[in-house]
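Look for subunit A in each of the two complexes below; its partner is subunit B in the first and subunit C in the second.
Up next is the complex of A and B:
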């Protein structure tokens, strides 16, 4: 829940960068225009959320999902956003899959590492045993000499 | 397409902060929970919206010769475009104070005239 009204604002620096990248180079954007677009963006989020929530309710679901947001865009007459959003969703899913695989790989590597460490340990133990045997042998030899 | 970069210099999917987007979404009382994909998509959609609102207002605006985007261009968009109609309340058309006072005066006069008329009606009724 938002504690203060400014919690509902989006960061001006990011908004300004998005506007600048969308417009031709050298266009002057007045300060008033920037804050107006920023406010409009917050209202857009609320509008989209409300529309998406209607679709979730129709589907008797409590959690908003990706398809609710896509349906909301159509309802709001922002069909032009649907294709790029689907692309972004694919990219996001690829990224998540990549992360999951990476963490699984990491886990595997870790397991392998502990395995090899254990092997090293047991090898060391073997060495100890060998040394002891050698000592014994030497002792035996000495005894033999004595005899 | 706007892409942000994180600290490692890798391309990020969205440049708007997801935590802030979530706070705004959650400020809507009927929303109980939002999954991560819906959050990412809403953030991305907001970026597309900012781009679209800016370019649309610039192209249809008056500042093209001066290479400028002004508040006036935006409030014009909200008033004239069907798609951006929902912004009309937060992007009201600006008018001069003198013009507004004149409007108020005219409104008052109209009301007074109406009152006079209704007074007339009442007196008519009283007479009949």
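Up next is the complex of A and C:
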């Protein structure tokens, strides 16, 4: 129920954890400072989005992609973020590939399982059919002999 | 950190609103490998708030979640320098204001919260 984009805050607990890990032990942060940093982070996202969107429009694209955002970082004079962001992106892509392969593998296993169950069922049916055919053949042979 | 569905259910894509509880990303199999802590759903909401943006790819959202984390670390450290000078161990709001004024890169924050 946000009235303005800036009101969409990122979770306080996460922001606090990031701040605490960035600072030496024993350093505290006041509530006002923490909520200001949280808002700053939201503003950062909005600003970066807007910059990235400019790059996307320049490239006549409607979808923001990773390189648009990286270019935005440089534009915003946060070049020092670009290298760690690229590394994080690589790791993210690897994770996505891994997840995709894992879910495809799961699906394959599932299919194989249902296939083998169906094979068992159809094998029983085949056996029944074979028995019927054998009986028919015997009858036919008898008829031929008569003729 | 509570691990969200280990079965790989992409909660962020469902857009769950965890207003009260933060929804950190599920950790990967590698120990200590936390790719991003900010929930992608919240970041996506911020991105969509921009009227000029039509669509954003998943990778773009990811970087937009990771960037602010680096930014928070940076600004916290810069603000801490100001607090240290004042021989304080608690970061105050004014330390943040000082950092924003002092550092060119933070100029975009001026006047954004008052």
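Here is the rule we go by: the second predicted complex is superposed on the first by the 114 of 147 C-alpha atoms of A that agree within 3 Å, B and C clash if a C-alpha of one lies under 4 Å from a C-alpha of the other, contacts with A are read in each partner's own complex, and residues count from 1 in each chain.
Methods note: a residue touches a chain if its C-beta (ideal position, glycine included) is under 8 Å from a C-beta of that chain, and two chains touch if they have at least 3 such contacts.
Owing to the predicted nature of the structure, the values given are computational and were not obtained by experimental measurement.
*Asks:* Answer with clash or fit: subunit B and subunit C placed together on subunit A by superposition.
*Replies:* clash
*Asks:* Just subunit B (first), just subunit C (second), both, or neither: which does A:103 touch?
*Replies:* second
*Asks:* Counting only touches as set out at the top, which of subunit B and subunit C does A:46 meet: first, second, both, neither?
*Replies:* Touch partners of A:46: subunit B and subunit C.
*Asks:* Between subunit B (first) and subunit C (second), which, if any, makes contact with A:62: first, second, both or neither?
*Replies:* Touch partners of A:62: subunit B and subunit C.
*Asks:* Contact-wise, after the overlay, does A:77 reach subunit B, subunit C, both or neither (first, second, both, neither)?
*Replies:* Both: A:77 reaches subunit B and subunit C.
*Asks:* Output check: A:13 vs subunit B and subunit C. Expected answer is one of first, second, both, neither. What do you get?
*Replies:* In the superposed model, A:13 contacts subunit C only, not subunit B.
*Asks:* What is the shared patch of subunit A, the residues that subunit B and subunit C both contact?
*Replies:* On subunit A, the overlap between the subunit B and subunit C contacts is residues 2, 8, 10-11, 14-15, 17-19, 21-23, 26-30, 32-33, 36-37, 39-50, 52-53, 62-66, 68-70, 73, 76-78, 81, 84-85, 88-89, 91-93, 95.
*Asks:* Which stretch or stretches of subunit A touch subunit B in the complex?
*Replies:* 1-2, 7-8, 10-11, 14-15, 17-19, 21-24, 26-30, 32-33, 36-37, 39-50, 52-53, 62-66, 68-70, 73, 76-78, 80-81, 84-85, 88-89, 91-93, 95
*Asks:* Enumerate the contact residues on subunit A facing subunit C in the complex.
*Replies:* Going through subunit A, the ones touching subunit C are 2, 5-6, 8, 10-15, 17-19, 21-23, 26-30, 32-33, 36-37, 39-50, 52-53, 57, 62-66, 68-70, 73, 76-78, 81, 84-85, 88-89, 91-93, 95-96, 99, 102-103.
*Asks:* Quick check: in the complex, which residue numbers of subunit B touch subunit A?
*Replies:* 1-2, 4, 13-17, 20-21, 23-28, 30-35, 37-38, 40-42, 44-55, 58, 66-71, 73-75, 82-83, 86-87, 90-91
*Asks:* If we count contacts the way the header does, which residues on subunit C are in touch with subunit A in the complex?
*Replies:* 8, 18, 21-24, 28, 33, 35-39, 42-43, 45-47, 49-50, 52-60, 62-64, 66-77, 79-80, 83, 89-93, 95-96, 104-106, 108-109, 112-113
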